[in-house]
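Labels run A, B, C and D following the written order; every chain starts at residue 1.
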Amino acid sequence: MVIMVTEPAISVRGLRVGYISDSGLTTVLRNVTIDIPSNKITGIAGESGSGKSTLASAIMKFINPPMLVESGSIIVDGKYDVLSMDNEQVNEIRGKLISFVPQAAQNSLNPIRKVKEIFFDVLKSRGMDYYSNINVIYRALEDVGFSDKQVLDMYPFQLSGGMRQRVVIAVSLILDPRIVIMDEPTTGLDVVVQHEILKLIKRLQKEKSLSLLIISHDIAMLFQISDYIAVMYGGQVLEYGSYETLLEDAYNPYTYLLLHSVPTITSRGKKLPRIPGDFEGFGRYPKGCVFSSRCPFATDTCREVPPEKVSYDQYGFYICSRYPEWKKEVKKIYE
Amino acid sequence: MGVSRTKQRERRFRINVDKQSAFYSLLQGIWEQRISRVGLYLLLGIIVFCTIGVFYTPYNPNQTSFPRDLPPSFQHLLGTTDYGQDVFSQLLVGGFPVIAVGILTGLIGTFIAILVGITAGLYADTIVDRILSGITQIFLIIPGILIIELIGAYLGAISIKLGYFVILGALSATGWAWGARVLRSLVLSTRRKEYILSSELIGESKMNVIFQQIIPNNLPFIASNFFFTAIYGIAGLTFIYYFGLGSLTQVNWGTMLYWSLGGEAYLRGLWWWYVPPGLMIGLVALSFALINRGIDRVANPKLREWNIKKYYKQIKENNGDNGDGTGNIS
Amino acid sequence: MSKLIELIHVYKDFIVRTGLLRKEHRPGIWDVNMEIRENEIVGMVGGSGGGKTVIAWMIVGLLKPTKGSIMYYPMGLDVTKMSKKELRRYRADVNLVFQDPYSSLDPTHTVKWHIERPLKLYKYNGDIEERVVELLKEVSLSPPEEFLYKYPFQLSGGQRQRVYLARVLALNPKVLVADEPVSNVDASIRASLLELFKRLRDEKGISIMYITHDIATIGYVADRVYVVKQGRIVEEGDVERVITNPQNEYTKLLTKVVPNPYTRID
Amino acid sequence: MKKEYLIKRGIYYIIIWFVGISIDFILPRLIPGSVLGTIIYGRIGAAASAYGNNVQQEIEILVQQLGLSQYYHTPLYIQYFDFLKDIIQLNFGPSLLEFPVPVSQIIEEAAPWTFAIVIPAVVGAFFIGNILGRTAALSRGGIKDYLIVGGTMFLYTFPVFVTGEILIEFLAVDAHIFPLGSQYNTFKFIRPEFSLPFIWSVVYHAMLPVITLIAFSLAGWVMGMRNNMIPILQEDYMNYYRLMGVPEKQVSQKAYRLALLPNFTSFSIALGYSVLGAIAIELLFNYAGLGYFFNEAITALDYPLLNGIFFMLVTAMVLSNFVADIVYGMIDPRTSHEETEGV
């Protein structure tokens, strides 16, 4: 185990990202500031419309219209300011320093290329030869649990969902990156396969001491695997900290509610807390706290004044002006 | 509450434009794309031009008393023909039937395509579908225009030339196959969608499903097919006249092309005789094609384009006073 | 509690084309016996590709089993042998809730249309608009007037699923077959949707077949459960018993792999 | 699996081919026989004195072939079998226009000339169109895109023979850059033989028709390529390449290759159908290919010739569709799926 590295793998500062539509520009990410630690698994939890995938795209500098960065900076590995780099420079570090396992890996492999040709394409773009690196590919496949090499001669549509996901992970790791972003790595997979992939991810992270950023809507899954967890809502990070802190003593009510409203195998007969309402979308953005319109503990101040960000250690912080008072009212939400 | 009640009442008693309906969003899509708006203006201009021709022409288009082969001048804006007719007057008069045949071919052809395509799609893998798809395939593989020419040639034996209605019928009867095939596959994929299954489970009749759900959901394609078939209609019409199979008693852009060809205008430098009708036919078809591109983008939002620079400018302008958290620039 | 629906030795083969004239039958569903009783939530759990959806579709008559019968006792008829007319009446009693609320509502129609149609089709006598509002209230979409003229794309996943429930409830069903009704819905909405199912059972006496891959939600909402693996029922029984003391290896595996924030993967 | 698929398609196309050539059989039988008979006698009458008895025999065969057998009282199905037998032997009877030359001989002489302009035109349009389409897709929304799409669309909607007329008037009549027409220079007494001046003359004379055909058919390729490529450029699997640091140039090359697949399939279809385009312009260029004779046959009411050319066209179109199916099966690995029924 590597001893505490202080330098964060990814450092996001004041990031604002929007999308263009017919009615103008809608800002989705609002002043996101977050440090992702090295050699750990960090989970970003959020529901649809929380901006988590937008954040991942911004970190990869994968910014295509109608997406648009308004302001902010992203520093990767302490020295690469990705947003101010040009495409050539970014291509230099993509895959090599910072890699990506896309959402819906089902559709992420070129349908008319065999698996080996996809490896070939990625290696060729670095001026590397497929055949002289064949051992590297074999090892990468072994890493993700393919013992025979038959898979290299198959087309993506001939693979099952779980196999495709493994292939994508192998391709993403072929250039030996230190930082990997995974966007919903288990969505659409069978529950049993999902568990295997999670174990695989955990093992790979340990073996290669990767800095891993996993983005998912499945908060239960994130708590099973991550060391740090950021909870996003309406384009802001409401809370960030180690999983133990969030699990046992959340600072923001949304974290608490989200975690406890998910039924688990042991929650039979228990009453689960409810989060009333729905996320209202980015068009009708509340003046104060983003979550105030649905928060059962919200006061008028919450609705009017944006809450301050409170940092409590190198990474951890939360946004909530009613901590710790809301904790006393927790019982209320179960009734 | 009170406000929404009155709103509902308004909805009941006024003809209102539902801004989210499939039809409206289609019109909006056409209007928003610059290229299809150009097409719309172009079509409007041509229609106005041809409508004028119905009521007014500088000279009688059938009059043959002018000097022959005059180049364009102020007396004869587009010169005269080898038979001493005024080209501009002929151009004014000759557009209406061409556009009418085109649009009507589009309408009738699309109607047949809907009928055949949707029936085949709904009864997929039954004998009905096999027969309809078979007929569709035959019309797809053997071009309708070729069959029309063959028929026209045989009719020539008994000295029958094709009139407007026969041409319209023949073009509509042969121009539906492509639309029917695509509609069939669209219906097949729409039918698997859960909202159609849901209607089936709730007990909707097939007719209701077709008219309330399948057609509105495939409206962009149907509209695009209309223009596509209309282009076929116009092209087909010119071909029929080019081969001399059409009735030559009336003046239209097709007959103008036929006579100019017969007079070997292109070998004698009489460009004002054949270029104007050719250009007009081209422009009508072009306007249809341009409008079609706007529809394409409603059906397939991935084809959309964004002007990023404009928004960057806006951000720069708003950067100073955008701290209130609303963040909406409009 | 009396039985409403019973599947008796149901088999379903899939036909795979292997050549021009050759077709191969591959077993999909194998000897399934199942029942839905009055006033209960019965769960069906299993991995993807296990045939859960096929069973659901057979129950509502969208697919015909290769062998076996599906009895519907209130009408005293076999679903597989029903005429079109009988099937229509049957589906007023037994209907399906789809997995993906993003594709189960027609994008070209308003919320009102969706709920109105079943009322009109079954000749509801009374003010239809009032009934629509009432149904929207029943599925806790408030204020209902605000939703009437909205289109599906203006709603969130949870709201869509509620609208769909209102559409089905307009038929006054006795049984709802819900195929993964919450798995495409945000986590924060999931619990309240599950609560809604419980309320439908308790207040309206609707029996619900709740199909899912997530054994955790089964534990939360269902009374009895069937565990399905590759087209066969491998375990069945009271939820309490199955979850705390699973007998079958597959059930044990499912309870082990279900995401649980309190068990770490190392 | 693949083989069986092709057999199935093959049977399918044979049925369509039969339907197509049956039109050839039915149409003349719908016209009152006496009318056609009069025309035939009228056309060949002049030749009759020159060839004597032979003509009577020829005419009888011809009348029988065209189904004017009210005189002979042969049942329809026997007529049909005779018709099929004749057609399979490529025996369409003598041409009325150039009596007594058999139609098959005219077609044999004319077809190579049509191919001489159709093949270069299709190949040229395929290459230019795909490259223009790629440029348009990559500069989507830009000025290049509008120019390419607008320009090729205009050329497409413009009646193709008017394009030909304009090119002849300005490039041949006025500017003398290209010849006025025909397949090779007949004035300079160049003989059709395998010699450099002759080949050059052929190429030179084919240029203008080829340019006309290319101008007309460019839009199809441009729009096909552009509309295939734009969604592919935004597909997840293309984004994945970008996220792995593959430079945009290589990514667009891969997208181009994927977008080319359907266009490859259309290539053979285009080859079959561009004969139609040739029909429209060969008369203008006085180019004695199939299209030229098709026109002549229509105006001169030369039905045997019309039948023969129609048969050739139908065959070409059916064949090109079948070839397209084969090509599609070969180049796209995804087609070899198993089909599942029932769910």
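In this section, a contact is a pair of C-beta atoms (placed from the backbone, for glycine too) under 8 Å apart; a residue touches a chain by one contact, two chains touch by 3 or more.
Note that the coordinates shown come from a computational prediction; the quantities given were computed from them, not determined experimentally.
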{"item": "Maximum centroid distance from subunit C, chain identifier (CA atoms)", "value": "D"}
{"item": "More contacts between chains, B-D or A-D", "value": "B-D"}
{"item": "Inter-centroid spacing, subunit B versus subunit A (mean Cα positions, whole Å)", "value": "48"}
{"item": "Interchain centroid distance [CA atoms averaged], subunit A/subunit D, Å", "value": "56"}
{"item": "Gap in Å, rounded to a whole number, between the CA centres of subunit D and subunit B", "value": "25"}
{"item": "Two or more partner chains touched - positions in subunit D", "value": "234"}
{"item": "Subunit C: positions in contact with at least two other chains", "value": "none"}
{"item": "For subunit A, residues contacting two or more additional chains", "value": "none"}
{"item": "Complex interface listing, subunit A residues touching subunit D", "value": "60, 62, 64, 87-88, 90-96, 99-100, 102, 104, 107-112, 121-122, 124-126, 155, 157, 168, 171-172, 175"}
{"item": "Contacting residues of subunit D [partner subunit B, same complex]", "value": "12-13, 15-16, 19-20, 23-24, 27-28, 30-32, 35-36, 39, 140-141, 146, 149-150, 153-154, 156-159, 161-166, 168-169, 173-174, 180, 227, 230-231, 234, 273, 276, 280, 284, 295, 297-299, 301, 303, 306, 310, 313-314, 317-318, 321"}
{"item": "Subunit D - residues contacting subunit A, complex", "value": "234-248, 250, 254, 257-258, 261, 332-334, 337"}
{"item": "Sites on subunit B touched by subunit C in the complex", "value": "1, 4-5, 8, 11, 20-22, 193-204, 212-213, 216-217, 219"}
{"item": "Partner subunit D, residues of subunit B touching it in the complex", "value": "35, 134, 137-138, 141-143, 145-147, 149-158, 231, 235, 238-239, 242-245, 257, 261, 265-267, 269, 271, 274-275, 278-279, 281-286, 288-290, 293, 296, 300, 302-303, 305-307"}
